[in-house]
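Right after this note come the structures.
There are two complexes below, and they share chain A, which is joined by chain B in the first and by chain C in the second.
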Partner chain A sequence: MNLRAPLSTAVAIGFGLLVLLGIFIPDLADLRNRILTWAMLLAAMALLLGLLNLFQVHYQRIRAKEKSVYSLVLIVAMVITFALTLLQGSDSASAEWVFNYIVVPIETSLMAVLAISLTLAAARTFQHRTDLMNLVFIGTLLVLLLGAGPLFGMELPYFTGVLSPYINNVLALGAMRGLLMGVALGTITTGVRILIGADRPYGA
Partner chain B sequence: MSTPHHNPDENLPDWLRELRRKQSEQAAEDAAEQAAASANASTEANEPAAEQEPDWLAEIRKRHQADGGDSDERALSDTQPNRPFRLDSRPLNIPAFDAEEAAPSDETKARPEWLDEADDEDEIQTESDYASPFGDDIDEAEELEANELPSWLQPPSESSPKTNPFYMGDFDDEPMLTPAEVENAGPLAGLSGVLPAEPEVAKIGRSPVFSTRLEVSESQRRHASVLHTLIASETETREDFASTVKRPARLLNWLMAGAMLLAALLPLLNGQLAAPRPEAQHLPEGAAMFNGIDTLPAGAPVLVVFDVQTALYGEVRAAASPVISHLLDRQARLIFISTQPTGPALAERLLQSDFAQVPLVASNDYISLGYLPGGMAAVRSFASDPRSAPLSAPATFTQPWQRASLQAIQSVDDFALVLLVVSEGEDARMWLEQATPELSKGLMVVSSAQAAPLLRAYLNMQPSIVDGLVAGVSGGAHYERLRAKETFSFIYWDSYSYQLGVAILVILLGGLYGRVIHTPGQANKAKVSA
Partner chain C sequence: MMPSPLAILALVVALMLLFSVWKGGKRRTLRNIPALQRLQRSIELSVEDGSRLQVNLGHGGILSTHSAAALAGLTLLQQVAEVAADSDLPPVATSGEGTLMLLAQDTLRSTYRRIGIADQFNLHLAQTTGTTPFAYAAGTLPSVLDRTALSTAMLGEFGPEAGLIADAAHRSEGFSIGGSPSLSTQAVLFAAAHEPLLGEELYAAGAYTKASKMHEASLRTQDVLRWVLILLLLFTAISPLLGGSE
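Now for the complex of A and B:
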């Protein structure tokens, strides 16, 4: 008899109920915090497992000679960084150098390229499709950019003082509050489904 | 008025009346002879039965008749050893009772008593001869005519499921009295009333061959083909998009990208601040943050949650530096924590790059609690009991809770201020929803521009969740305008202004090109090819 599925479901529901009751019953607050601490330790271990999985995937790619150059660079960089941090600490000079002069410039540059790419994509939108929704999207984007600040050193008072605040504080705010309401309802539904065992994201 | 009685024979001819009279007399004589013959036969059959009755049976009969005279069947029941339970105690399945059939007919009423007694004795004799629980009964049943049997005793028809050799019968069925079959194979050959062995059950032969070919319809085959193509396309190496772009379009892309880069770099290289400063009244939430920090007492512990992703560090730095500068000016004790693995390193980078000369930073009079793993659950745990949360503090901040700045901190509400520095709206939402139940006051938030619409939804709520917000480069510039201290955000302000202008021009010109020049050309090509 396979006891794995009912056991894991019972554990998930039991701990979920304990954490939930800990919010409403002060006597269960210590127990709730202890359970949450266990969850934090598990999350830290999951990060380490993710690192090992990344290593394994790229190691197999090297063995299969499938884009092995990129995988080799990734594994070498990962092993060096991990060894430096493990031996000298996360706030050592070498670990900070790797982070400040390799990691941060690469990721920031990618984001800068993304900004230019999005602008070019918006410019080429009408080459592919011209319909009402496209016009609304481009029009809203232009209004927000016009109201985001001075253009070429010139202030546009109507956009920065009237139109852009109206879009940000009325239209966007209303849509976002509705979205948050939907997220809250969805979160409650998901929580209830997990607590009654209808959803089992842990795979039982 | 009486109806005259007519004799039907009056109108018949004489020869026919004579014939009818003779037939009636002949029928009466035949009936008298038949009755006399049956009476003689009954007498002959009764007397030998009484004579052949054994002594022990006659003794039992006398004893029971002396006791009160039950029915003959009951009187003889104890003369049959090991009588099957089925016949003794279980009620017979009698068909529906018919009053007309049960009522004695005139013929029955006319029967003499001695004939009834003879019938009873026949029944007694039949039951006394009972030997096999199944065989004799079945023989008797076979002797009966089929049309005389009730429906529940009729042999099963060919269409009945009970003719199936694998039919085991229903649970509530009466035990069936099937005709005894003589086994003709195996060790039980020659015996009757046994379960058949070969060849019916253990028939040796080739098992049926079933086809393994999947029977699918044409529609199902078409869907499967589409799914197969989709899956196969996922593993195919896609053609490089850059190689498919035509040379004029690629040149245009390079021109637009170059213009945007120049717009960003030239103001930085020039060093002159030409763009007008933002108006302070356009950012009331920034003013609320300024007032909250400006009223902090000196040495107040401030928790700075630095949940910033590396890619957005440049933008968040422009917004966060004015606020951190303000806190350091107020002599606040900064305690950093992050739920992002790179968060503590980025916070350290910010302090060392922008505030290395500030005495509190130079003397390491701040604390980094490090990385807080576990996401939302960790935030909830930290907000409830900060001291019990497992933290990965850097080596330079071992045992952070032993430091003087944190001696008085027992809960997250003991911090004078909680400042969120976030790049993603979801990270901010996680802290706002999990930490605010433990706080008696709202949080201050510094974010990227993309997170601002989400965070504005939490502004001005009751109870207060977000008391102040500074978002993006423009938010940082507003805050510096409030402080009348232009140091960080205004470095980027002109570049930001020119970049905005170039981006709007590129979108407008690109849209015009695509709508007016490019699209009609494509349409003409399509017409020609058609």
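Now for the complex of A and C:
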């Protein structure tokens, strides 16, 4: 008989309810904070397991000679960074050097690639999607771009002073609030499904 | 007077339980969300042509404020695994955080066990591809670009880096669907993904992939609460005009 499934479901529901009740019942607040601290410690351990998984996946690729150069670079960089931060601390000069001169430039470059990718994606969207929502998207984008600043040294007062602020402050804000309400409703129902054990992502 | 959060929660639970047992005759159809219908077709096509489906769960863990989005992604992963686990290229899950990776592994392991192919499960089917948003995206790109995964679903907490994954799917002539609770990411996905999921659509994936009756019930609950909110907002806006408020 598999006892693990009902046990893990009971633990998940029990701790979920305790954390939820801790918000409404002040006497349970301390217990709730303690549970959250445990969860944070577990998350830190899980991060280590995640890094181990990353290491294993790329180690296997090297052994299988499957794009092994990239995997080798990743593993060498990972081991060096891990050793540096472990031996000298995460706020040491060497860790800061790695962050400022390797991590930040690479992520900034990806951000630059993203800017180009998004421009191309927007152009593709104009070509392929011809529904009403896409026309609204294109129209809004054009108005906001025209209202963003002077065009060839010439300001378009109707766009900068009236249309663009109206779209930003009224239409876009209203739509954003509608979307956020939808997200909030989805979050509540998903949370309830976990709390009543209808969803069991822990594999029970 | 503001209703208490506990009362709202009780209402949600009651509605979900009610909808899960209510039959409702032939009119029990879900509202039309083209993106999710196309996702369902894409899952079926992946099974038929033996291509891989990749579920990207984002970089938010279960302790983040948007963990529900990743949980919706895990539901999709379970459904995808149920129909495609024994194919030549079983579905894979990527995440940018350790807890999500463990949950994805657990989800896949239990699904494999349930359908009787536990021996085919391996831990590398759920991977952590990077621990910062851009590192995660960069680690996810190769499998999309080399056409190992022809269908890419992004359901979870993503930032603008989701645009890179969606663009890669487009360049490799694959299919991409994406949803995130972040509004700026929804805008990025609207432009970059084949099928963007906006607002609460992200949380409806389980109902469309026929995960369980409770998923359908929670979608109907969302719809009812949405109408209640709309009516409340309208009432709040109109009541001063009618002289009902100071």
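Brief remarks on what is shown
One rule holds for everything that comes next: the second predicted complex is superposed on the first by the 180 of 204 C-alpha atoms of A that agree within 3 Å, B and C clash if a C-alpha of one lies under 4 Å from a C-alpha of the other, contacts with A are read in each partner's own complex, and residues count from 1 in each chain.
In this text, a contact is a pair of C-beta atoms (placed from the backbone, for glycine too) under 8 Å apart; a residue touches a chain by one contact, two chains touch by 3 or more.
What you see is a predicted model, and the numbers here were worked out from it, not measured in a lab.
By the touch criterion defined above, A:111 reaches both chain B and chain C. Contacts of A:201 after superposition: chain C is touched, whereas chain B is not reached. Shared-chain residue A:146: touches chain B; no touch with chain C.
Looking at the shared chain after the overlay, A:40 reaches both chain B and chain C.
Judged by the touch definition given at the top, the superposed model places A:190 against chain C, while chain B stays out of reach. Applying the stated contact rule after C-alpha superposition, one finds that A:7 touches neither chain B nor chain C. Contacts of A:86 after superposition on the shared chain: neither chain B nor chain C is touched. Contact with chain C, but none with chain B, is seen for A:24 once the two complexes are overlaid on the shared chain. Applying the stated contact rule after C-alpha superposition, one finds that A:180 touches each of chain B and chain C. Chain A residues in contact with chain B (one complex) as well as with chain C (other complex) are 23, 36, 39-40, 42-43, 47, 103, 107, 110-111, 120, 122, 124-125, 176, 180.
For chain B in complex with chain A, the touching residues are 253, 256-257, 260-261, 274-276, 278-279, 282, 309-314, 341-342, 344-346, 348-349, 372-375, 377-378, 380-381, 384-385, 388-390, 392, 394-396, 437, 452-454, 456-457, 474, 493-494, 496-498, 500-501, 503-504, 506-511, 513-515, 518-519.
Touching chain C in their complex are the following residues of chain A: 20, 23-24, 36, 39-40, 42-43, 45-51, 53-54, 56-57, 60, 67, 70, 103, 106-107, 110-111, 113-114, 117-118, 120-122, 124-125, 137, 176, 178-183, 185-194, 196, 198-199, 201-204. Only residues 5-6, 8-9, 12-13, 16, 61-63, 66, 68-69, 71-72, 74-75, 78, 95, 97-99, 101-103, 106-107, 109-110, 123-124, 127-132, 134-135, 137-139, 142, 160-161, 163-164, 166-167, 170, 181, 183, 186, 188, 190-192, 198-204, 206, 212, 214-215, 218-219, 221-222, 225-226, 229 of chain C touch chain A when the two sit together in their complex. Of all residues in chain A, those touching chain B in their complex are 23, 29, 32-33, 36-37, 39-44, 47, 89-91, 96, 99-100, 103-104, 107-108, 110-112, 116, 119-120, 122-128, 130, 138, 141-142, 145-146, 148-155, 160-161, 165, 168-169, 172-173, 176-177, 180.
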